[in-house]
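Look at the two complexes coming up: subunit A is in both, with subunit B in one and subunit C in the other.
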Partner chain A sequence: MFSRLPFNTQKKFVIFGFVSLPLLLLLTFSYYPALELIRLSFTSWDGLSPNKEWIGWSNYKEVFANPAIFGVFKHNFAYFVVGIVQNIAAIYFAVVLNSKLKGKNFFRLLLFLPYILNGVAVAYLFGYVFDTTNGSLNYLLGQLGFDALSQTSWLGNESFVNYTLASIGFWRFMGFNMVIYLAALQSIPSDIYEAASIDGANGWEKFIHITLPNIYKIIELNLFLTVTGALEVFDLPFVLTKGGPAGASETFVMKIIETAFQFNNYGLASAMSVVLLLFVVIVLSIQRFLLNKKGD
Partner chain B sequence: MKRSSKAWDTIKYATLALAAFAILFPPYIIVVNAFKTKDEFHSKSPIALPDSFLYLKNFAQAFKQADMTSAFGNTLLIIAVTLVLNILIGSAFCYAVGRFDFKFKGPLVGLFLFATIIPSITTQVVNYKTVQMLDLTNNLMGPVLIYVGADILQIYIFLQFIRSIPYELDESAMLEGASLIRIFRSIIFPLLAPATATIIILKTISIYNDMFIPFLYLPRAEHVVVSTSLMRFFGVNSGDWQMISSAILIIMIPTAVLYMFLQKYIFAGVTSGAVK
Partner chain C sequence: MKKMFSLALVSVVMLTTLAACGGNNAGNETNNAAKTNNTATNAADNKTDNGGTEEGSKITGDVIFLTNRTDMIDKQYVDYEKRFEEKYPGVDLKFEAVTDYDKTLKIRIASGEFPDVVFTPTIPNAELPNYFAPLDDIQLSGDIHFKDLKSHEGKMYGISSGGSTVGIVYNKKAFEKAGITAVPKTYDEFLAASQKLKDAGIVPLASNFKDKWPLDVWVYDIPSLIGGASDHQNKRAETDTPYTLDNAYGKSWGIVRELHQKGFLEQDVNSTNWEQSKKDVASGKFGMYLLGNWVINQVIENGAASEDIGFFPFPADNSGEAKAPLNPDFFYAVNKSGNVEAAKAFVQWMIEESGYDDFAGFIPTLKAKEPKLPQLAEFNSFSPKFFEPAAPVDAATQIQNKAQLDQAATVQEFVLSKDPQKVLDKVNAAWAKAKKDLGL
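Up next is the complex of A and B:
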């Protein structure tokens, strides 16, 4: 019956019918919340009452002036530092697995494995590894003769709990970064390397002058994922330490969730979300800008 | 030259062995302790093998106490409904956009691409209120709505893929009098199968592993999913690592098995999903 309709009517029907629902979803769950966040961030809304009192910039002043809020970003910084090391390791292993090597498929399979495991299960897995009295890491350190180290409370020490948590992120995501690098390496034509070999370049020179420039875009992509990932850390500290000890491992997103859903301060939580959103947009814009400049 | 390449080979294998150890050591500890009785756990070293790998009481108790029947059921239901909706809506959208020209098509696609800038974790404060208004908190369809509405990965993948399907196929079907709906259903959609497979794999893994959305939208015990069941179980059994180990294993095994069988597709999917 539908096929009897003239082509143009069909076309209009298809376009309208197939586009309107996804567009509605996009507007409802991406654009509306982004705009609504901005509006709420200027109010003192508690999430329930019908009136949303306009209070100007004071939520933003609170976000930047209160060290208990903006200060938690220094906890996120640990994830950024570890993320950089993680990318270097990922490039290294991608190069290794891209060379002639026995068992490289096995190693690729193994190194990527942590990425597909359930995040909560991974968190508790490491809860066990880092446990002070029963933990396998301290046991291992004791067996190796590091008796002083084997009493360490890895998740209970304020000065390095974030690095402990970030190292779990390393374990989980290094293989993911590596697989992306590996795909980029495999797309570099091999005749470039052959030509360089004929010209007498050694392995390191080939890496610096051929490999790195060719995966430049992918390094930027991975770094972007690292930075935004570090800004948005939530599940590891939430599951393992609940932000402790004494708030030392609380991250910015945990703070947002707590402010909104525990203290019902939606206005302040919105302002915090907007700040986070702006940071991500700024990082992405810098990345796009650098990429375009390089492309010219 | 020869000597340096030999040294390089040694370094390669040494670092790979170190990485393999670092990756396998934590799961190894879980595997050996999940099969230990409480007494065994306290008397043996954490890396020692259990007396018997046939001691399954921990698993049975963990499965029951963490209510994993409901957890797996709910998780599967959420994944299934999300996938069906995502694939139908996403492929239909990409058919309309990928095959026809119309006013505002450029800005429309731009609107979808631009939305990836907005990190979904920041918008939850408002999205929670939207879902609440629709009366879908404490309802398995709440997370489904978020997974379907706030993710556009499928649109990227389908849009990229549909460009590689030659338009002549559409044209010849039109000459034979097929309607556009029929062309979509019987020609385009089946040809999108590789893209559909990628989407199924990526979404299944990400929903199965997600904790944030179910934690926020499904606080009630009856709506438990795998991630939240493990969190509750840990709260009750904290310190009993042999019990927790078995629960962790039960949760980890399904995706690990899936990974063994579908590795080729998973690698391809992850790469195309990341480099969008």
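Up next is the complex of A and C:
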């Protein structure tokens, strides 16, 4: 039946079939929920009742006016800072492990492995590392003779709890960043380096003038991942500190979950999600603007 | 142009990844309302006390019970199913266990279809009739606890699966080692006992401060004992300053603060470990818990001999009078568009015959039934005055949700802060604002 149709009609059917199915899935599971999210953000839905009352912009006003909601963004700052350091370390390791080195595959694997572990498992694991009285970190510090340091409450100090948590993120994602950098480094043709060597460039000059410009796009990509990651952190503080001590490690996504599921305010939580979305777009635009200023 | 395009692409990607929280359309809850009335009256006719198969055979159909006890699936529930179906041969009983019970159930209710027997979700009592059948016609063999807690306009929509009380769960060996001969009956004696424990190298009270939920006792239970009334959570709706240093909350939280400052809690309260603490109480490294009686079985499971674990009422003041709260556990509720008749039979069976309350270490819902747990008998020997909770008033919950107030987190802040008055001022300000915004 189908084969009797003219070839062009057949072609159209096939194209239509292949395009419509993924589009349909995309629309049902991505765009419809996204639009629904935006719609809910204008209502005062409690998550249960059949009627969703339209309340206009007041959820958005609440998000920006209430310092208890918007203020938690400053906790995410620690994750930015550590994220930048993480990228620098990742480039460093990528360059080192891209050179001629014995057992480099072993070291690559070693650095990449933490990324494969499940986030909640990682959080539990570090719960034991950072425990004040029985933790392995404090035990190690004590054995090394740092008696004053070995009583540190790593997850209980308001001033650096976020850095403690971010350092776990560092451990976990550095290897992933490194693998991406490695792939970029391997795509740089080696004759450029040879030419530079002949011209008398040293290792640092080669890094600045050849390596960096060549992996520029990849740095941008990794920074994008770091920034979104920093804004959306959730699993580590959720498992390890529950936002404590006294809310010092609460992140915006935790606040969203709390608003929706504990305080039954799905409307406000949706508005917060939309604000987070806009926030990511704005931060990324600024980042692109700054990074591209001297580029094209 | 290229930049614009990639920016657009980025936002589309973000939209896609972030859009996980969609909504559900709550549609067809109401269209089954009429059906319920018939079945309800039928069920009333069927209930006679002798409970043989003759009566049981009239009840037929499937009953699904959504439970939170994932650990009982394929174990105790197999036995429950056998015994229940013996009594009611026409009924096919099924169990479905979920974790994260409240959230899961709410989503399923919002979708319009949910199992026949569930535990009531955390919704205002006024909304209960929208989803659940009234249970007043279940003829239980005696008077029950917590009758009014899940009722609306005189009808009862939930029957408690059991009750628990809160007090000091302690390791008798640890008390012996510290040279404590009698359990403290006043707050001063309690502090002295704690000091003795501390001097003996034992952590006096395991607070599990970091995990937040163990602090709930300081929010709900201890203020009842201090104020001598259990409706303090409701009373908050009447004032702009529900939390002051000299009311029940301030006093209750002041006790934790004092215990913390005297070093009677864990060495670092921000780094506590719940699972480990059970082992430590069992082994006598920690002296006491201030928690519900449900924790007793868990401590025993973690290696303590039952006779080494004791339980006494917490002396919140120096009056010497034993006081204790009596709190309900989850409430059974029956889906009004499900198999109501069989579901009610199951609820009655769970309360009267299943033995679940003993298995779980609860205080039985039936007032006449004695609890099996030896520690509860010890607790009752102090003849404490029990405070049953007051039926919740929606206004207070509404304000609390509007103010986004997490009371356990406030306790943490109160204890850790240099200036507790400031913490209370902040919470009160948020409370007053939310109250005003809601027009209450």
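Convention: the second predicted complex is superposed on the first by the 260 of 296 C-alpha atoms of A that agree within 3 Å, B and C clash if a C-alpha of one lies under 4 Å from a C-alpha of the other, contacts with A are read in each partner's own complex, and residues count from 1 in each chain.
Keep in mind that, in the parts below, contacts are C-beta pairs under 8 Å (C-beta built on N, C-alpha and C of every residue); 3 or more make two chains touch, one makes a residue touch a chain.
Please read these numbers as outputs of a predicted model, since none were measured by experiment.
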- Please determine whether it is subunit B or subunit C that touches the greater number of subunit A residues. B
- Message: Going by the contact rule set out at the top, does A:Asn59 touch subunit B (first), subunit C (second), both, or neither?
- Response: neither
- Message: A:Phe107 in the overlay: touching subunit B, subunit C, both, or neither? Say first, second, both or neither.
- Response: first
- Message: If we overlay the two complexes on their shared chain A, which of subunit B and subunit C does A:Ser49 touch? Say first, second, both or neither.
- Response: second
- Query: Touching A:Leu117 in the superposition: subunit B (first), subunit C (second), both, neither?
  - Reply: first
- Touched partner set for A:Asp131, first subunit B, second subunit C, both or neither: both
- Task: Pick one for A:Asn76: touches subunit B only (first), subunit C only (second), both, or neither.
- Result: neither
- Query: Of the two partner chains, subunit B (first) and subunit C (second), which one does A:Phe261 touch, if any: first, second, both, or neither?
  - Reply: both
- Task: Once the structures are superposed on A, label A:Trp171 by its partner contacts, choosing first (subunit B), second (subunit C), both or neither.
- Result: first
- Message: According to the stated criteria, A:Gln86 is in contact with first (subunit B), second (subunit C), both, or neither; which is it?
- Response: neither
- Task: Please write out, lowest number first, the residues of subunit A touched by both subunit B and subunit C across the two complexes.
- Result: 26, 30-34, 36-37, 40, 47, 127, 131, 134-135, 228, 260-261, 266, 269-270, 273, 276-277, 280-281, 284
- Item | Touch list for subunit C against partner subunit A, complex | 3, 6-7, 10-11, 14-16, 18-23, 26-27, 29-30, 103, 106, 109-110, 121-123, 127, 210-212, 266-271, 273, 276, 400-402, 404, 406, 409, 412-413, 416-417, 430
- Task: Show which residues of subunit B lie in contact with subunit A when the two form their complex.
- Result: 4-5, 8, 12, 15-16, 19-20, 22-27, 29-30, 33, 45-47, 89-90, 92-93, 95-97, 100, 102, 108, 111-112, 115, 117-130, 145-146, 148-150, 152, 155, 174, 177-182, 184, 205, 208-212, 216, 226-228, 230-231, 234, 241, 244-245, 248, 251-252, 255-256, 258-259, 263, 266-267, 270-271, 274-275
- Note on the structure: Within their complex, subunit A touches subunit C through residues 26, 30-34, 36-37, 39-40, 45, 47-50, 52, 68-69, 127, 130-135, 153-157, 224, 228, 241-247, 258-266, 269-270, 273, 276-277, 280-281, 284-285, 288, 292
- Item | Interface residues, subunit A side, partner subunit B - complex | 2-3, 5, 7, 10-11, 13-15, 17-19, 21-23, 25-26, 28-34, 36-37, 40, 47, 92-93, 96, 99, 101, 107-121, 124-129, 131, 134-136, 139-140, 171, 176, 179-180, 183, 202-203, 218, 221, 225, 228, 232, 234-235, 238-239, 253, 256-257, 260-261, 266, 269-270, 273-274, 276-277, 280-281, 284
